[in-house]
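Labels A, B and C are assigned to the chains in the order they are written; within every chain, residues are numbered from 1.
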Amino acid sequence: MVKKWLVVLLVAVVSVGILGLFVAGSFAGTKNELEIFSWWTGGGEEEGLNALIKLFHQLYPDVKVINATVAGGAGTNAKAVLKTRMLGGNPPDSFQVHAGMELIDTYVIPGMMRPITKYMKEWGAYNKFPKAILDMCSYKRNVYSVPVNVHRGNVVFYNKKIAAEIGMTKPPKTWKEFIKYLKLAKKHGYIGLALGDKNKWTALHLFEDIMLGKLGPKKYNGLWKNKVSFNDPAIKAALETMKEVLPYINTDHSAMTWQDATRLVFSGKALANVMGDWAEGYLKTLGWKPGKQFGWFAVPETSNAFMVVSDTFGLPKKAPHPKNALRWLKLLASVKAQDVFNPIKGSIPARLDADKSKYDVYLRWSMHDFATVALCPSIIHGSAAPEGFVTALNDVINRFVTKKNVAQAMKGILQDAEDNGYLVK
Amino acid sequence: MNQFDYRKLWLYMLLVGFAVFYLMPVYVLLATGLKSLKDVSVSTMWLLPTHPSFEGFEGAVKKLGPNLKNSFMLVIPATLISAFLGSINGYVFSKVRFKGDNVVFALILFGMFIPYQSILFPLIRFLQWVGLYNTIGGLILTHVVYGIPITTLIFRNYYMEVPDELVEAAHIDGAGLFGVYWRVLMPLSIPAFVVVVIWQFTNIWNEFLFAVTVTSSPVKQPITVALVNLAGSQVVQWNMQMAGALLTALPPLLIYIFLGKYFIRGLLAGSVKG
Amino acid sequence: MRRNRGVGLLVVLPSIVAIAIFVYGFISWTVRVSLSNYNSFSSLLRGVYRFVGLRNYYRIFSDWRFQTDLWNTLFFTLFFILGTIAVGIVLALLIDSRIRGVKVFQNIFLFPMALAFVVTGTTWGWIFNPGDFPKDPMGVNLLFKQLGLSHLQWGWYTTTGHIGPFNIALIPIIIAAVWQLSGYAMAMYLAGLRGIPNSIIEAAKVDGATPWQLFWKVKFPLLKPITLSAMIILGHISLKIFDLVYAMTGSGPNNVTDVPAVYMFELTFRANRYALGSSISIIMLVMVAVVVIPYLFYSMRQQKEVRL
């Protein structure tokens, strides 16, 4: 009697485990599948990704595509899950990753990725991308991922009606000039610059744009190659400028997300918003037409630079279906795929030979600049520096927005840079 | 008599006042969920939608449907196994006893207080090692194990109230350990089972941290993760989010509405003593 | 019953083994990481373990953000427990009056417990969003304006104001947390109130006790064990609070609403500083243990039951 019950109990506990083992086993990489991992789960991004998958399906109808997405926090949740999977030796076949250190420092240097230079050349795609972009995806002269799209980080979007009212008839070239307009906007009862830093990163987004302007693209890029010191007076100047701008932001910035901030421009409460050009896509979903209700210009003092935020896909060494993964990457590297994905997503293709007629007036402007001005890696979007540096800098800037203490922030920046082996002398 | 009515009036005013406070967030959820994306804004949150739209609900149902099934596949077995394990453990720790059982029980109990962040990484590596990572089975196992302390506690306290004589009598009648459990304690434990079921059901249903880290592919994720996934990385559709939040909250809410009085009764019966 | 002891041990053995691995085994792993150099993804991956002693703990305690977190946890815990218990008692007394329709209210007060913190956090974040007040208020501030109470408007969780080390931006989060858990406190007290024998109440009434005296002199002392267990339960929830803060406010300006769990999450999953993150989670564990372990031992000695 007792024994019988004991057996029943043990079976109940253990069976769950065994059941799970079978389920896990049946999913092991024996089938003809392709698992793609990304954080494209909403709005145009999701539609764009689905369009790509459809395209893939037309080419390889017998491959089952598993679209693994994890959303939230501009990809932070997805990145956490991805790292866990990589750590457990359980990677997807291909995954979304920002070009730059997010790829190189986190995955390439530890030796988890396979180089794809050979294939890029085979597909005839190698020389179709700007060199600066491929450099961001490369380590020791080997390319490790295919850039799919490019967003520009250093853009100001503004409400044309308010701009007309305060007399901002042409884009300000310098911060001094721009602050003059912010002041005017405030006088007219508007918020000068909308900011939504509930999730912190937007404040650093603003700061890196100011910093890029003060340093200039050449010195800015030099920071990450250990050619320019973080002790450069331009960084202190950037903090000073940011301090001058802060009085013109909305008081409730820390309760807002970037969407809320962009909405302040849309609802006629704020003159302008410094944001990546996903804000353009958002304004369009709200019903505005680029050039009609809203205008844009490069962040003052940065018109000679393009802050790059680029999504790329790479090939993990332990990918369960490497053949399908390569087919996927080959597709992504093609003009066709880039022109299918980007107009829907609201970004520009990383390839320079795309069909311009498929893009709206804003994106054509961005494409023009992308092909002509200096390309710079974004800090906050993971391209310029390791994630540890970014998180710490985020904290420094977050504190600075409240305390407005330049010396304290400068000390924090230098300490963070030193921790990560950058020049500080 | 008159004074008595004043007292009642006061009581009702207080009750209604509290009720307004408790229902305020639900109002916001409903009002936002029924707006179209274009009308959603923090500045109009107190207003009912001028043109009610089911756009948000339609989208949420479409997107969350498959994950709703996952959640049920997770919650039902996990809750039942938890309750069963808890009751058998509770029985042993209250009526059977063994040497050092108090210390062992205290050590088990401490497990319910730990911050789950402190075990997250090793947990995932363990599940990967045994091949349960990214499966609902893995999530069930996780929830069952971390549910052991609370369910054991509830049943142990409950069985403490059962007179030892009852158990002794059954023994004299020749019942073994499981016989006593099956014939004497099980039939008495319905209130404790109700409390445990409510507790585990809502906790597991609402849990996010394990869900998002243990199941990584969307076809296996429970609804809470899918709910957060409704937020695109760049454009958050608030109306769909709020509608989705309401949908997600529905099953545990129904459990509370239908079993809530048993919950209090269960507490009264001493199942969660205190 | 003695003959059953061996079997009894066998029956609980699976649970004991599971807890030994999932709780104590995993915690040891985390302790080990917290004493290591695993402060980047590649070092964790390569797994070349270097023991660095308490260096991570030293660094985290000298970190201004973590110091803010500790103060925030202290004040949050204090006011959250006080608020939840006070509201819980009031609600229990109201429900215990047994006037008509009270069941409906009981369910209303209990339902927040059924909601996920992620859901309620987002919603309360909207409600306490201050807006660009006084000109363009939102949320509760907007309500104040519409009710003609504009002078009550303030920055809620966006304010960087503080009274000593207490960041007043925590108040809205405390309100939300009280909202979510006071129903549970109510249920506990209600169970307690109904467990008080009528004879005691009647005796006090015969002695001429006013309702006020009846509560403070008779009922409240009898409810002491409930208050103690409520404090333990609420205390451990607040020491490790995460979802609510994360969904509602994040860290806030200058970390005015930051808590250790949020910082731990950022360090581990964003910055790849696994060793630092692990040391925070171990510090959190110690804080919880300091509260819970003496209570567990006390309960085990005092009575057969652990009241929770």
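Here is the rule we use: a residue touches a chain if its C-beta (ideal position, glycine included) is under 8 Å from a C-beta of that chain, and two chains touch if they have at least 3 such contacts.
Given the structure is predicted, the values throughout are model-derived calculations rather than measurements.
Taken as a contact graph, the chains are fully connected, with every chain touching every other chain. In this structure, the chain pairs A-C and A-B differ in their number of contacting C-beta pairs, and the larger number is found at A-B.
Each chain gets a centre from the mean of its Cα atoms; for chain B and chain C, those two points are 17 Å apart.
Chain A and chain B have Cα centroids lying 37 Å from one another.
Counting partner chains per residue, chain B has residues 42-43, 85, 88, 121, 176-177, 228 touching two or more of them.
Residue positions 7, 11, 14, 129, 131, 136, 138, 268 of chain C are each in touch with at least two other chains. Counting only residues that touch two or more partner chains, chain A has 2, 6, 9, 13, 80, 87.
Within the complex formed with chain A, the residues of chain C that make contact are 7, 10-11, 14, 39-42, 44-46, 65, 125, 128-133, 135-136, 138, 155-158, 160, 249-255, 266-273. Residues 1-2, 5-6, 9, 12-13, 16-17, 19-21, 23-25, 27, 35, 39-46, 66-75, 77-78, 80-81, 84-85, 87-90, 257, 259-260, 263, 267, 278, 281-282, 285-287 of chain A touch chain B in their complex.
Listing the residues of chain A that touch chain C in their complex gives 2, 6, 9-10, 13, 76, 79-80, 83, 86-87, 105-107, 109-110, 112, 189, 191, 197-200, 250-256, 269, 386-388, 390-392, 395, 398-399, 401-403. Chain C contributes residues 1, 4-9, 11-12, 14-16, 18-19, 21-27, 29-30, 33, 90-91, 94, 97, 99, 102-103, 105-120, 122-124, 126-127, 129, 131, 136, 138-139, 142-143, 146, 179, 183, 187-188, 190-192, 194-195, 225-226, 229-230, 236, 239-240, 242-243, 261, 264-265, 268, 274, 277-278, 281-282, 284-285, 288-289, 292-293, 296-297, 300, 304-308 to its touches with chain B in the complex. Touching chain A in their complex are the following residues of chain B: 37-38, 41-43, 77, 81, 84-85, 88, 121, 124-125, 128, 130-138, 140-141, 144, 176-179, 212-213, 216-219, 225, 228-237.
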